[in-house]
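Shared between the two complexes below is subunit A, which pairs with subunit B and subunit C, respectively.
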Partner chain A sequence: MAMTNTELAQNGSINQMIEDVGLLRRIWRGRLWYGTEWYITVFGGLILVTVTIVTLLAPILSPYDPNDFAGSQFIPPGGGPQVLLTRSGESNRVTESYLNEQLVGVQRNKNGTNIAIELELDYLRYQTQSEQIEALQNQEVDSILVDERDLDAIIADFPQLEIAADGIGPSFTLGTDNLGRDILSRLIWGARTVLGVAILSALLSSVVGISLGLISGFVSGPFDRVASLTMDSIYSFPGLLLAIAMAAMLGPGLLNVAIAISVIYIPTFFRVVRGQVLSIKEELHVEAARSLGAKPFSILFRYIFPLVIPSVVVVFSLNVADAILTEAGLSFIGLGLPPDVPDWGYDLSKGHSFLVAGHWWMITFPGVLITIVAMGFSLLGEGLSEILNPRLVKS
Partner chain B sequence: MSPGLRRYIIVRTLLTIPMVLILVSLVFIVLRVMPGDPALAIMREGASEEQLAAFRAALGMDRPLHIQYFDFISGVLRFDFGESMVRPIPVTQEIKTFFPATVELAIFSMMVTTGVGIFSGAYAAKNRKRGSDYAIRVLSIILYSLPIFWLGLMLQMTIGAGLGWLPVSGRLSPGMTPDRVITGLYTIDAILTLNLDLLVDALKHLILPSITLGLVLAGFFTRLTRATMLDVLEQDFITAGRARGLHERVLVYKHGLRNAFIPIVTLLGLQFALLLAGAILTETTFSWPGMGRLVVDRIYDRDFTTVQGTILFFALLVAGVSLIVDILYGFLDPRIRY
Partner chain C sequence: MSINEILYNIQDLSVEFHTRVGILGAVDHASLDIRRGEVLGLVGESGCGKSTLGKALMRMIEEPGKITSGKLLFDNIDILALDDSRMRELRGSRISMVFQDPMTSLNPVQRVVDHITEAIQVHQSYVTDKEARARAANLVDRLGISHDRLDDYPHHLSGGMRQRVMIGLALALRADLVIADEATTSLDVIVEAQFLDLLRELRNEFDLTILLITHNMGIVAELADRVAVMYAGRLVELAEVNQLFSNPKHPYTEGLLRAVPNIQLDEGELYKMAGSPPDLVRPPSGCRFHPRCPKVMEICSQVDPIFKSIAPNRMVNCWLYQEVPDEKLWVGGSTQ
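The block that comes next holds the complex of A and B.
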């Protein structure tokens, strides 16, 4: 595009022009430069953007309160809605207003019970489905509430029954847990917890790790030796065990868990930053600054620190990925958050108890989400490390 | 032994002392100094002031911190972790009972990890930038993004509870006991006492936990092997071998892998902490009576001394293993000297 000098002056500068292209378009053009790594990074980034949007919109997206006992226990995915069955020929008598004066037969521990209570119906409770149907045929009750999923089997066995109304009550897309809480809502709200704790702990450890690493690499000497040995020792210790000990001592709570996790990742920030500072401080521009009389503090922050940032970004992303897994592990062991905070690891540990009973939906979905989010951060970190440090690219 | 190697071993051994000191101090800080009263954390709310005071007195926590610290260190040096608060036996005795289970799990997991990791890593390096390389890389990223315990749950649900092929918890079936505990590793004990039933039962119980732990670590190990192999395959002796007309497969899997082996094994030794952390979660998932379960269970049983002793034992273990790995590395690679 041809542009006169006056136009350029109006637009400020070339840099301003590039700014005007827009962030999204610049990212999109990046694929031509970076190839495969670009796709890896953007894929990881997209996962994270999606999850972030979901966490921000949690109040709108989640159908129920995550701690609400919304349905009966162990409703499988897609289940929940009830069908009102009557004896043949009586279905037209059942209307909305009439329902209130009717006696409805429900089954113990099934969602029909919840709905009957919710709609303030008069109900009789039966142990099993066959007792329930028998009661209807014996005219003990006027109609019965049964699960929509069981409908086909019932009609096949008892063709004399009629559907009076269907789709009564809520549907649970991913089912309910052992207390009748909606799993989808718990997953959506749990994303907030998981992301919050993981990012908070990575932030805490980055602040400590980066400052220690900067100082240690810059001043060298005995301080550096002691700090390095300490960090190497922490690094060699099984991180989860350290987090377990700290979480047990600090007690449950969001901030406590974040602190417990953050200790594990201080050494990774420290090592990377220290290594970088050691090589950067030998570079020409630092020597030039020093010869011009810059003070050590300003050398460290104006001439060294900015060059460390790219590696820190990569380490941060990879550490968040790991922190998500650690947080889930802590909650799975039962040392994480207070029980009223929706959390994926906690849901998994609850589901563990009902695994043999075959309630697969309780343990499948939270685990899939943990994997996807951890993978998002890993991919982002991997991709960024190749893009930001092109000198390290090997293959 | 060359003087260089001897010097290296001596210096490295001496360096273990500050490392142990730092780790033990770290444990001390976490358990005694940090905010969060251990007495309250262990006894939970509802404990009376007298109960808390009695707890502190029993553990010597009513004394000044520096005295506690020296007491703590001297206990570790004498390998005396105090007495368990659940059963009237020393904590070291508890560790002796639970540790072999973790060792057995770790050994079998490492078999899975090295088997899967070395093969797929070398294969990816050989086919670099081809479809299979990308597939293996993506798979390895997925593998180490998996929560270990969730992979365990899925295996339990499908192969264990679903198909009923393998047991989902414990080390042996109910009613099965080893005739004589020699090493504590049931598979080895079974071979030593020639008990075939015991061996089969122990192996059956080992399959799912070691696949769980092994696969997750294999994700990491594959990347390691691939990166190391790429380095090795760029070296001159590979080009020379190619010029001599050696078959590509021989070149990669024989000459290449052999030279990549030392760095791979060393890096693997450094990831010992990863293995232990993974073992804690695997043990919790499969009710495997090892060290991880010991810590987790005793936290709930409010057995402070055992928790403290187990964590200290882990600290000593980590220091010991890294010493051994570094010394081995010194033997294998003459360039590594202080």
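The block that comes next holds the complex of A and C.
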């Protein structure tokens, strides 16, 4: 019996502790009342936490410098290392010291031009693989460099060739782009740019948009009319066009791009906030606050603003997602970031022109990442909007 | 403190709303005294201007509405001459208001305690959070809400509890005058009865003056000392509650009382007043009630009667009780 009482007392204090909830605790508690979908919020949060960690650890995590021409062009995911083929029986001639005196055949645009240079080899370039193999058989070159992926097919067709050395050169987990830069490294470093620009621009636009919307909705009158008209005119522009104009005016640079993008999203915050303020300020609790003698400033920030937050959070997350795409658009046109800044949007627009040639990996990975990060922001935004709204708390 | 001391003196108050269809006179030249310590009922049908009058007393008429004439003297303070910050000081500390819908009149994202402490600290900024909280706890205890509900959000409370919190806000600073604007309308009868009991207790305890705005004659009969009846923006009758119910003078009051279901009188069908309330943008000429009045006279459509004392504590706005001026002065459509 005594046991049970102690347990009860403990349970009581635990319940009491759960009642004294802070934000983190409430998010954790969220799983109780968010029904079976609580994991969606957590999932969105996890995505963003992961991306943020990757962003911070970029120097450690990325295998190559994002701007380095680390490999040959268009190496597909997992590919990269080259194989040195010789005529059969001659593989023993290929030693490191002897290699320099040999003539090595490489395939143009494909088979490791850079490795040949790196190894300081005398090399001849050929247009196609069959020309190359023919040259080897005709004793025009002593050996040829081929991609590891092509090896099985070549040996099957030409059994008289043999492997002199393999595993030459680096390998690329996600392949390389049209300039031979490592896509993985570019994605890891690009996350910095993308998150930086998108969040910065969303922050800028939310600060301006929310304060203008609050004031405009609250004071109404001529200020409201002028502000609404201005915002509507900005909103009526095609977003990218406006960003282009702004970016062209401000010039390149991370902050400038963020400002250019933020201009597009100010009206979305403004309109949402103003609309909400207009309806909330007619609510009885605002009138009740006035009847208690509350100052206009305190009415705006204690009685109106908290009720606007849930919708603002959602707009914010959606705008961050959208800003990523706008930034990509700006980079595509060349008004975005300086070319030495790795950037998903830039990779995406570059990759798009090579998709037809079958180099799917250049566009897929940045595209998937943009989608995932945008989704992360949306999920977290929606989830937070429910958590921050005490009206939805089950008790 | 004599019951006859005048707390709020309303003289010739007019409130107009500038709407798209024209100027709407929601309150038309209303004059009324509210005495310290009394419960004054203000009754009338929907849209007759009673809430507007109540708000005007706190100078809370919002655009497009405007107080166009009159004088408001609260405890000898000229309300209309005060600047905004002085007016804010007055609101909540001296005059406060309880609103119609307790469901929406509390800030949904603020805890109960925050409402009350804010009400206190707005006017007494020297009060510390801890003291304010202690005062809030006392107050809600007094209002019959357990003080461990202080940290609840409004949506945790029932309608009756919220209305008690609203009353608590009105009482947090011991306001002299509480304007209860349809405060019981959205409560069910049992909660309403409890609320009225509470109001009565509080009135005795805190020596409150209450302006009870309602369309429920039952509540007026139960709580009010005096009753003012409003019709189409005008005060038509003012009387002590017993006199009004036993001997209504104005035809509108008469009709209003006959339209209340009475368990003792076994009438087959409830009395129905002919017509409907007038359009306040284009009110009828003369007495605004004349198109519906069963006792209408020729003069009624021509000249306004005056809101005039016919007996001690009794004022009526009707030609039946005042001398009709010489026919020469008004025949021919002149309203002067």
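Just so we're on the same page, the second predicted complex is superposed on the first by the 241 of 395 C-alpha atoms of A that agree within 3 Å, B and C clash if a C-alpha of one lies under 4 Å from a C-alpha of the other, contacts with A are read in each partner's own complex, and residues count from 1 in each chain.
Here is the rule we go by: contacts are C-beta pairs under 8 Å (C-beta built on N, C-alpha and C of every residue); 3 or more make two chains touch, one makes a residue touch a chain.
These figures come from a predicted structure and were not determined experimentally.
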Broader residue contact with subunit A after superposition on the shared chain, subunit B or subunit C: B
Touched partner set for A:P306, first subunit B, second subunit C, both or neither: second
First, second, both or neither for A:G293, with subunit B first and subunit C second: second
Subunit B versus subunit C as contact partner of A:H352, first or second or both or neither: first
On subunit A, positions contacted by subunit B and by subunit C: 395
Touching residues on subunit C, where the partner in the complex is subunit A: 58, 60, 63, 88-93, 96-97, 99-101, 104-110, 118-119, 122-123, 153, 155-156, 166, 169
Parts of subunit A lying in touch with subunit C, wherever the complex brings them together: 220, 283-285, 287-295, 298, 302-303, 306-307, 389-391, 393, 395
Of all residues in subunit A, those that touch subunit B in their complex: 36, 229-230, 232-242, 244-246, 248-251, 321, 325, 328-329, 332-335, 345, 348, 351-352, 355-356, 358, 360, 363-364, 366-367, 370-371, 374-375, 378-379, 382, 394-395
Contact footprint of subunit A on subunit B as seen in their complex: 15, 18-19, 22-23, 26-27, 30-31, 34-36, 38, 41, 128-129, 134, 141-142, 144-150, 153-154, 156-157, 161, 168, 227, 230-231, 270, 272-274, 276-277, 280-281, 284-285, 295-296, 299-300, 307, 311, 314-315, 318-319, 322
